[in-house]
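Heads up, the next two complexes both have chain A, just with different partners, chain B and then chain C.
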Partner chain A sequence: MGGYFSDIFYGSKSLLIGMSITFREFFKPTVTVQYPYQTLKMSARFRGHIELIADEDGKPKCVACGMCQRACPSGCISLESVSVDIEVDGKVKKKKVLSKYDLDFTKCSLCGQCVENCNFGALEFSKEYNLASTRKEDFHFNLLKRLEERNA
Partner chain B sequence: MSLTLLNVIVAVVIAIAFAAANAAYLVWAERRGAARIQRRPGPNINGPFGLLQPPLDGIKLMTKQLMIPGGADKILFMVAPVLAMAPAIMSFVTIPFSEGIAAHNMELGVLVIFAFASMGAMAILFAGWGSRNKYSVMASVRAVSQNVSYEIPMLITAITVVMTTGSMDLKMISMAQSGGFWHWNIFPSLQSPLMPISFIIFFICSLAETNRAPFDLGEAESELVAGFHTEYGSMGFGLFFMGEYANIVIGASLTTILFLGGWDCPFGMFPGVWWFLLKIYLLIATFIWIRWTFPRTTIYGLLNLSWKILIPISLFNLLLTAGLLKVF
Partner chain C sequence: MSAPIQLRPDETFLLNVGPQHPATHGVLRVKMQMDGEYIVKAETVLGYVHRMHEKMGENRTYAQYLPNLSRLDYLGALGYTHGHVLAIERAAGIEVPERAEYIRAITVELNRVASHLFWFGAFVMDLGGFSPLMYAIQDREHILDMLEAVTGARLTYCYYRFGGLYNDVDDDFIEAAKRFIPRMRKSLKKYDALVSGNIIFQKRLEGIAPVSAEMCRKYGATGPVARGSGINFDVRKNEPYSVYPEFDFDVPVYHECDSLARYKVRMDEMEQSLRIIEQGLEKLPDGPIMVEKKPKTIKLPVGDYYQAVETARGSFGIRIVSDGDKNAYRLKLRSPTYSNMHLFDEACEGMLIMDALAFMGSLDLVIPEIDR
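Up next is the complex of A and B:
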């Protein structure tokens, strides 16, 4: 019989404690981000799709060595280059210049091997995470064009 | 058209409008309140503070097709949502909002409201049985056993109040408590020293009778999809939803009249309908607060609470009040 009344007493007490917690929470500020209107700033180590890094002139730092292409386990990077004659200290030298850099993001597993393998610091992860589409073609990125758009 | 008929029509229109407006905006209040407790903003896109959300939800529900599942009992299936809403609106007729504002004051007001309230269980039973869905049947069995077992302590506590007042007339019960909060039935009196406990029992029972969380076993989403209204879409679901909120308003009104002095002001100033509305909305806010605090009980816990705790205590209270009424 003693257990009966103490059950009622402690039961009611715990209910009141629960209600006091929700009462206090009611007056605290909200913590959610209003997504389409506000977006979160991604952390430094966030891995989006890869992006080319520009040098001071706005040209890609990439020397078209193709290490990233070889390192990619999914085979989603394809790049092409053309050799261009440029003058350095009065001599004409041939230099490889990146002419195409395509990323097939549908295959990418975001492993980061390409960024890891780049000896020239020419690749980075973008902070883009609003990637949703109903068409496959939207995930074939032309990174050279994206770089130009970012420079503009 | 005679004047009395006109009166009846006006009263019914006002009752329906009041019930519908409350149902719509209590959903909004519930969603905003829940959101605040969970530290989110809640519906805030449509209109200022999301105030246009309820009418838009209504339009959405009304433009949907009313589907009747194959093999369902068509008549019961169609009748159930109407039965959920109609008694709730009818109960508004007897509730006195203030001394002059009552559609039709009846001498047996308490009885009338309890009679209509018990029809709610029938709507749930019809809906569950008519849907031809295992989840719905299980939910309606639960809800009916719950409603039956919580009606007993609720009625016993109501009888305790009726005995001390000596009237079943809601207006008389409310008038008997006028003149300051110390006259209210919630506080212990010489005749009935356990009144605060009766109030708590009545409040718990009105939560259970309206199938509100933590006693919403009739629609236990985590176990029974959506319980008795699993098969309902469109305005069939809308009527169940509105009926639930209309019942909450009636439960709060009844608690206010029986225990909190009706339209009486706690300090004896400006008695009027606003005190009544303030009290019922405070009670409804507590309903919402409780819903978003406690998890759902089990059916065993629910029935144990009623049969092992609420009924013995309310019976003891009834006997004590009956004895003390003889003494004093």
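Up next is the complex of A and C:
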């Protein structure tokens, strides 16, 4: 019998303590961000999908070596290059120029191996996170086109 | 608490919990044969999110397998990636710089606290209390922000590399971690008063679902489940790896074997993790975060390698059989919740269904990690 009453006493006390905590929380400032009306700044290292980096002339830094493609665990990168003749110091030389760089973001795991394996510093992560869509095609990015659009 | 069951086959019925049920925290299905409110027999059905992670380990290079490990247990992913890189480093004989190992330990412990916090919130919500989940998530958010700032991801980290880290931590991270520790300690006190002291909570867990040490051994249960049954086993202490021997921390063990004991183990573990983080930040040496010389493609010598680590849910083991190629010949992942979950069938015989769901919460199941 004694246990019964002490339970009631202890129980009510514990409930009051609990309620005083939730009551105090009630008056604390709100920490929720009202997305999409408010947004947060992404941290510097945030990994969005990858993006090509341009050099001073606005051309991609990429030399089409294909290291990123080989390193990618999920096979999301496909790139092609054409070789063009360019004149360097009066001599005609052949040079590989990137002609296509497609990213299939549906498969990307954002592991960062492509960025890490690029010896020419030609890739970076974007800060893009608003990518929701119901169509698969929206996640196939033509990175060369995106680069041109950014330059324009 | 077992109830007297008089089985009348004509009066039992089959209850299907899951695969889509909030109490199973994922796509786990439990077939329960019920006699009224009592469970006669339960059978867990697995495999709804099987993704062939072990097979994937065999057909891609070791480096390409890195992102997979964080997809096992999405709440405490860093512990799993830690096990993987340690296994490869030991097999390939790569010496990791000390700073890198310290940062690994700090981030793993932060991740453990985040994982336990989420478990705490979800567990109390299973029992009908909603506010603690919100408070826990608010604290967890601080950890995720910190980890995002260094790793670039919030859940599925791919941060460790063979021989080091992807990138170094900055002063902001160290400051934020130092600020977080006292904040978390205050929160732990709050949780203690709000939840642990609550009489409804105690009465619902005390003496419920006893899991004997014997049963833990039988099923190979590890982590907080085993430690709540009086088994003092923690891979960080028993088979020390990384820089854990340098830290002074305790392994909380409770002997009550009930759901409340498992709860207490995890709550105490958070405090121990904070202690490790505190010491880690203090001792953090300067230096490189990546070995200087490292083979471009990692090939392991022919052999059989195993590495166990203590993750938030128990002992995670990775076994790699190498035939000298750049990918594994066979790769086996021993996931802790897989073993912990198998207790469920035996332990919940004769239990009330509400108790069984509270018991399931106390096991801290993460289904993608069971199914792999």
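We take it that the second predicted complex is superposed on the first by the 138 of 152 C-alpha atoms of A that agree within 3 Å, B and C clash if a C-alpha of one lies under 4 Å from a C-alpha of the other, contacts with A are read in each partner's own complex, and residues count from 1 in each chain.
FYI, a contact is a pair of C-beta atoms (placed from the backbone, for glycine too) under 8 Å apart; a residue touches a chain by one contact, two chains touch by 3 or more.
Remember, it's a predicted structure, so these values are computed and weren't measured experimentally.
Colleague: Answer with first, second, both or neither: which of chain B and chain C does A:34 touch in the superposed model?
Modeller: Only chain B is touched by A:34; chain C is not.
Colleague: Which partner chains sit in contact with A:18 here, chain B, chain C, both or neither? Use first/second/both/neither.
Modeller: both
Colleague: Just chain B (first), just chain C (second), both, or neither: which does A:71 touch?
Modeller: The second partner, chain C, only.
Colleague: Applying the touch criterion given at the start, work out whether A:121 contacts chain B, chain C, both or neither, answering first, second, both or neither.
Modeller: Neither chain B nor chain C is touched by A:121.
Colleague: Scan A:58 for contacts with chain B and chain C and give back first, second, both or neither.
Modeller: In the superposed model, A:58 contacts neither chain B nor chain C.
Colleague: I want to verify the contact counts: of chain B and chain C, which reaches more residues of chain A?
Modeller: Counting residues of chain A touched by each partner, the higher count goes to C.
Colleague: Is A:110 contacted by the first partner chain B, the second partner chain C, both or neither?
Modeller: Once the two structures are laid over each other on A, A:110 reaches chain C alone.
Colleague: Give one of first, second, both or neither to describe whether A:10 is in contact with chain B, with chain C, with both, or with none.
Modeller: Only chain C is touched by A:10; chain B is not.
Colleague: Once the two structures are superposed, pull the chain A residues common to the chain B and chain C interfaces.
Modeller: Chain A residues touching both partners: 15, 18, 21-22, 25, 31.
Colleague: For chain B, which residues are in contact with chain A within the complex?
Modeller: Residues 33, 35-41, 289-290, 292-294, 309 of chain B touch chain A in their complex.
Colleague: In their complex, what parts of chain C are in touch with chain A?
Modeller: Residues 60, 63-68, 71, 131, 135, 138, 141, 145, 148-153, 156, 158, 161, 166-167, 190, 193-195, 197-200.
Colleague: Residue numbers of chain A touching chain C in their complex, please.
Modeller: Touching chain C: residues 7, 10-11, 14-15, 17-18, 21-22, 25, 31, 43-47, 71-73, 109-113, 116, 125 of chain A.
Colleague: Touching residues of chain A toward chain B in the complex: what are they?
Modeller: Per the touch definition, chain A meets chain B at residues 8, 15, 18-19, 21-23, 25-32, 34.
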